[in-house]
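Next come two complexes, and both contain chain A; in the first it sits with chain B, in the second with chain C.
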Partner chain A sequence: MSLWFELIASGLITGGIYAVVAIGLNLQYGLMRILNISHGEFLMLGAYLTWLAHTVLQVNPLAFLPVVALVMFVAGVLVYRLCFYRIVSTAPAVEVIEARSLLVGFGLLYLVQNLAYLAWGADLRGYSFLVETLEIGGARFNLNRVVVFGFAMAASLALLAVLRFTLIGKAVRAMMQSPTGAQLVGIDTKVLHPVVFGAGLALAGVAGALLSTVFEISPAMGEPYTVTALIVIVLGGLGSALGSLLGGFLLGLVETFGMHFTSPSLKMVLSYGVLIAVLLARPKGLFTR
Partner chain B sequence: MGIVHFVRGAAAVALAAMAAVPALAQDVRIGYAISRSGPGAPGAQTSQEPNYIMWAEQVNAAGGLNVGGKKRKIELIGYDDRTDAETMLRTYEKLMTSDKVDLILPPWGTGLNFALMPLAQRHGYPMLSPTATGRKLLSLKNPYFFPLLQQPDVMMEALATFLKARGTKTAAVVHVDELFGLEQAAALEKAFKEKGIQIIEKKSYPFGVKDLQPVLRDIKAKEPGAFIALSYPPDTFLITAQSKALAFNPSAFYAAVGTAFPIYRDKMGAATVEGVMGLGTWNPKSGPAAKAYFDAHVARWKKEPDRWASAHCWAGLQILQQAVEKVGLDRKKIRDYIASTEFDTVIGKIRFKNGENVSTPGVVSQWQNGEFEVVWPPERATASSQFPKPGWN
Partner chain C sequence: MNSRHALLALLAGGLALAALPWLLSDFLLALALSCVMYAGLAVSWSMFCGPTNYLSLATAAFFGLGTYVTAWGAGALPYGLSVLAGGLVAAGFAALIGAAVLHLRGAYFAVITFGMGELVRHGITYYEKAFEGTVGRIIAEAPESTTVYWMVLLVSMGAVAAAVLVRDHRLGLALRGIGSDEERAQTLGVNARRSKIAAFALSAFFAGALGAAMAVRWTYIDPLTVFNPFIGFQTVLIAMVGGAQTILGPIASAVVFGLLTEFLRLQFPYLFLVILGFLLILLVLYLPGGIASLFERWRWRRGNV
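Entry: the complex of A and B
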C-alpha cells in the first residue's frame, strides 16, 4: 500500500515539474506556432536569477518567484519584439512560422547559454533550501521537492483558470481555435502575441526558479527540459494547456512505475515508448477533442 | 657553453623566421582545447582549466618556464571544445600542425582523452591527462599517454579493503550507464568478490536521471551493509538528497564523482554530507605542498579546488615543468624523461610504469566537519574514519 502511494506521489511530483515547463512552451506554440527551442535556456536564466538573489541578497527563493516571473515576462516581450515579431507578421503561412521560429530558437539557445557561461562560468552552482524530510502517510520525501510540486501546480492551475475564466483567456483560446476568426471579431494580435510569449517565458523562469531549490544548476541545465517539454506537449496535444498538465503527470508516472518494475536504465525507452504509442493511437495528442 | 647557447638561439630565430611566427617566438607556446560549455564544462572548469591558467600565471610571475636553464614565458592558447570530440580533435590538429605549439595540455574527461590519444602519438605530443582513467585506455599502449588518476581497480580495491577491515558483509551498488560507471562497476565487483563482500543488489541508471527514489527504496528494504553509487555529479547530488529523505543510512555510504567537489558540501549542506565517502586523493591537510596549492587556488579563483582530480592536474603540470627544465622542449625527450623518472608532486611521488601512475595508491575519503578527509590508506590518512556513518542531519 505504502509502496503504491510512494510510487504515485513520486511520479506526480516529477510529472508536475514536467508539466509547468511544458505549459509555457505549449502556450507559445499553440497561439503563435512559435516553436521556441530555447525555452530551457530561459528556465536556466530563472534558476540563475533565483540563485543570485538567494546567495547574494539572502532572499527566500519562493518569495522571489513573482520577481522572476515579472523579469522574465518583460524579457519575453522584448525577445518577441526583437526576434519573433517579424517572423509572425511576415510569414505567409503557419508552417513557415514554425520553421523560421525553430531556427531563431536555435540561435537564441546558443546566445543565451553562452551569455550565461560568460557571466557565471561553467561551474555547478546551488544552494541548500528546505532539505528537511516530509513524511506523508508513511512515505518520505524531500520537503523541497514537495514544495516545488505545490508551486508548479499552483502556477499551472492559475494559468488554466486565467485561460478559462477571463476575457483575455477567452481571447487567447479564440486565437488558438481560429486566428483569422479571432482577428475578425476584433482581437488585437499586436497586444496578445507579446503578452502570451512573455507569459510563456515567465512560466519557464518560474520553473527554473523552483528547480534551483532542488537541483544544482549550470548554464547547460535547460536543454533536457526542452526535450521533455516537447514530449509532454505531443502527449497532451498541441496548444492544450490542460493536456500539457495531464501529459506531464502521465510521463512522470510512466517513468516512475516503469523504472520501479523494469530497470532505471530503461527510462528513455519508456518515455519514448509512450510517445510513439500515443502518436500511433492518437496523433493529435491524448487530450485534444 | 656560451657559444652553444648562441647557436641554439640563432637556430631558433632562423626556424621562427621560416615558420613566420610573430614576435612572440621566444615564448613557450602551450595549446589546449577544453570544455567551457557542454556537459563536460562543470567538471572541466572545476578540476582542470583553472589549474592550467593558474600554473601559467605562477610560472610567468617567477620569470618564466625554465627550458634547459633558460627562462621563457608561457603563452597559453586555449579554446572551447564544447565537450564535442569532433571540435576537440580539429582544435588539437590545428594546434599541432599549423600553430605548431611547443606543448599541449589534455582535454577533459576519459572520452575526449581517448579520442585524442592517436593524434597525440602521431605528432609526438606527451599527454599528462588529469581526468582520464580506465584500463581500456592503458591497454592501447600509447607511449605518449600518461593518465594521472588512479585506475578504477586500484580505487575499488582500496574501498573493498577498507570495508572488509570494518566487517562489511553485504553491499548494494548502483552505477551510471556510461563507460565510467560500467568500468568502475566491473572493478568493484571483482574487488568485492575477492574480499568476500556479497553484492546483494546491482542496478544501473541513465545519465541525467531526475528521480531515483523508487530504486533507493528497494535497496533500503534489503538493508545492505554498504551502499556504493558509481555516479556522476548530478546523480551524486540526487542520490544523496533522496537517500536522506528515505532515511536510508547504511554503515557505509559511498558516491563516486562529485563528492570531492566543494559545491557538493555547499549545496547539500555540511551537516548532510557528514560521513559520506567517495573518490578523493588529498585535502589541504595532506602536507605543506597541498596546503600551498590549496591556498593559491583559493586566492586566485575565490573557490576551493576539488579534493580529487584538481591536485592530480596540478601534479601533471609540475611533472611537465620538471621535464622541460631537464630536457628542454624536445617532445620525444620529454616523453622518455616522464616515462623513466620519479617526480615529486603536490600529491606525493609519481612514477609511471607502462603509462600507469603506479605511485598514487587507492584512496577512500570521507566528509567530516566540512572537510573531505582521507581515511584510507593509513599512511595517507588525514583523519580516522567515521564508521558506521552517522545518521543524516
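Entry: the complex of A and C
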C-alpha cells in the first residue's frame, strides 16, 4: 500500500515540475504560435542564477525565487523584442511564424547553452538544501522535493487563476480564441505578447530554480525538459493551460509507474509511447472538447 | 531551367565532384564528404517539406535506421546492397508512420516526428541491450574512404535528381497544391493522402540510404551517435537557411555550413556554436527566404537592367 502511495506521490512531484515548464511554453505557443525550442535553456539560466546566489551570496533559494522570476521576465521581454517581434509582425501566415520561430529558437538554444558552457564549464554543479527526510503516511520523501512540489503547484495554480479571474487573463484567453476579434475589441497585441512571453520565461526560470535545489545542474540540463514540455503540451492540447497541468501530472505518473514496473532505461520509450498513442487516438489532445 | 537542363548540370557537377579523391588530401576529402552528405540530406528533406510546408524532424530516425541496416547486415550484405536496403527500410518506415500521422500539421507533426525518432532510438537501444547483450556494434570490414565518398556522392546526386523530377512532375504540383491549400487541392482532384505518403517515403529513402552509406565511416556505432537529434536539426537548419522551396539553396547552404562546422568547431567548440546561433537568428530575421532569395534578387536585378 505504501509502495503505491510512494509511487503516486513521486509521480505527482515529477509531474508538477513538468507542468510548470509546459504551461509557460504552451502560453507562448497558444498566443503567438511561437514554438520556443530554447525554453529549457532559460530553465537552465534560472537554475544557475539560483546556484550563484546560493553559493556566492548565501541566499536562501526559496527567498530568491521572486528575483529569478523578475530577471527572467525582463529577459523574456527583451528576447521577444529582439528576436520574435519581427517574425510575428512580418510573417504572412501562421505556419511561417511557426517555422521561423522554431529556427530562431534553435539559434537561441545554441547561443544561450554555449554561453553557459563558456561561463561555467561542463561540470555538474550543486548544493544541498533541506535534505532531511519527511515521513507521510508510511512513505518517506526528501523534504526538498516536497517543497519543490508545493512551489510548483503554487506557481501553476496562480497562473491558472490569473488567466481565469483577471482582466489580463481574459485578454489572453480572448486572444487565443480569436486574434483578430480580440484586436477589434481593443486588446493591445504590442503589450500582451511581450508580457506573456516574459511570463513564460519567468515560469521556466522558477522551474529551474526549484530543480537546482534537488538535482545537480549543468548547461545541458534544459534540453530534456524542453522535449518533455513539448510532449506535455501536445498531451494536454496546444494552447490549454489547464490541459498542460493535467498532462504534466499524467506524464509524471506514467513515467514513475512505468519505470518502476518495467525498467528505468525505458523512461523515454514510455513517454513517447503515451504521446503517440494519444495523438493517434485524439489528435487535438486529451483534454480538449 | 527545365528538368533536362537541370539534370545535365547535375551530371556535370557530379562528374566534377567524383574526381575530388584524386585532387584532395584525406582531411579535405573528409570535409567534402560531410558537405556532400548534408547536401543530400537537406535536399531530400526539402523535397517533401519545402512544397508542403510540413516540418518533419524525423530525418535522424531515417538516417539512424539506415546505419543500423548496414550494421546488422555487416558481413552478410555487400556495401552497395546494404545502402539500398537501408534506404528501403527507411522508406517503408516512413510510409508506415506517414499513413498514421500525415493528417496532422504544424507543431503537432513536428513534435510527433521527433517523438517517432526518439522512440526508434530508445527501442533499438533496449532491443540491443536485452536480446543481443551489446550497446553498440563494431563494423569490422569497412570499404575504403574513396568508395564511401563515391557512394555518398551517388546517393546525394540521386536525391537531387529525384528532387528535380518531383518538382517538374505531377507529384510536385500536387505537393505545392497541398502546401498552399490542402482542401482546395483535394477538391481539384489531388489524392492528398497518397501524394504526401509517396513523397515522405521518397525523401526518407535518401536519408536512410545516406545513413547506410555513412555507417562504415564510424567503425563503432551506437544508437546515441547515429540517432543524434543534431543530425536532424542540422538538416532542417541547412535546408531552411538555404531556402526549402528551392533545390540549389539547400546545396549552397550545406557547403557553407559544412565548411564552417569542420573548420571552427574543432578549434572553438563553444564559441563556434554561440556564433552559429547568433548568425542563425540574424539570417531568419533579415533574410527569411534563405540564401536562395539572394540568387533570386540578383537574377531579378539582372533581368531589370
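What we mean here is this: the second predicted complex is superposed on the first by the 289 of 289 C-alpha atoms of A that agree within 3 Å, B and C clash if a C-alpha of one lies under 4 Å from a C-alpha of the other, contacts with A are read in each partner's own complex, and residues count from 1 in each chain.
As a convention for this text, a contact is a pair of C-beta atoms (placed from the backbone, for glycine too) under 8 Å apart; a residue touches a chain by one contact, two chains touch by 3 or more.
Not measured: the values here are computed from a predicted model.
Engineer: What is the contact status of A:95 with respect to chain B (first) and chain C (second): first, second, both, or neither?
Structural biologist: second
Engineer: Using the touch definition from the top, say if A:103 reaches chain B (first), chain C (second), both or neither.
Structural biologist: Only chain C is touched by A:103; chain B is not.
Engineer: For A:215, select first, second, both or neither according to whether it touches chain B, chain C, the two together, or no partner.
Structural biologist: After superposing on A, A:215 lies in contact with chain B but is clear of chain C.
Engineer: After lining up the shared chain so the two structures overlap, which partner does A:280 touch, if you call chain B first and chain C second: first, second, both or neither?
Structural biologist: In the superposition, A:280 contacts chain C only.
Engineer: So, A:265: does it touch chain B (first), chain C (second), both, or neither?
Structural biologist: both
Engineer: Is A:256 in contact with chain B, with chain C, with both, or with neither (first, second, both, neither)?
Structural biologist: first
Engineer: Looking at the overlay, what does A:5 touch: chain B (first), chain C (second), both, or neither?
Structural biologist: So A:5 meets neither chain B nor chain C here.
Engineer: Indicate the residue numbers of chain A shared between its chain B interface and its chain C interface, in ascending order.
Structural biologist: Chain A residues touching both partners: 113-114, 117, 265, 268.
Engineer: Within their complex, state which residues of chain A touch chain B.
Structural biologist: Touch residues, chain A against chain B: 3, 6-7, 10, 13-14, 17, 113-114, 117, 121-128, 131, 133-134, 140-142, 145, 214-216, 218-220, 224, 255-256, 259-260, 263-265, 267-268.
Engineer: Tell me, which parts of chain A touch chain C in their complex?
Structural biologist: 29, 35, 83, 86-87, 90-91, 94-96, 98-100, 102-104, 106-115, 117-118, 227, 230-231, 234, 238, 265-266, 268-269, 272-273, 275-276, 279-280, 283
Engineer: Provide the residue numbers of chain B that touch chain A in the complex, in ascending order.
Structural biologist: Residue positions touching the partner: 35-39, 41-42, 44-46, 174, 177, 203-206, 208-215, 217-218, 233-234, 237-238, 241-242, 244-247, 261, 263, 266-269, 272, 303.
Engineer: Could you please specify the touching residues of chain C with respect to chain A in the complex?
Structural biologist: 53, 55, 100-101, 103-108, 110-112, 114-116, 118-119, 122-123, 125-126, 129, 233, 237, 240-241, 270-271, 273-274, 276-281, 284-285, 288
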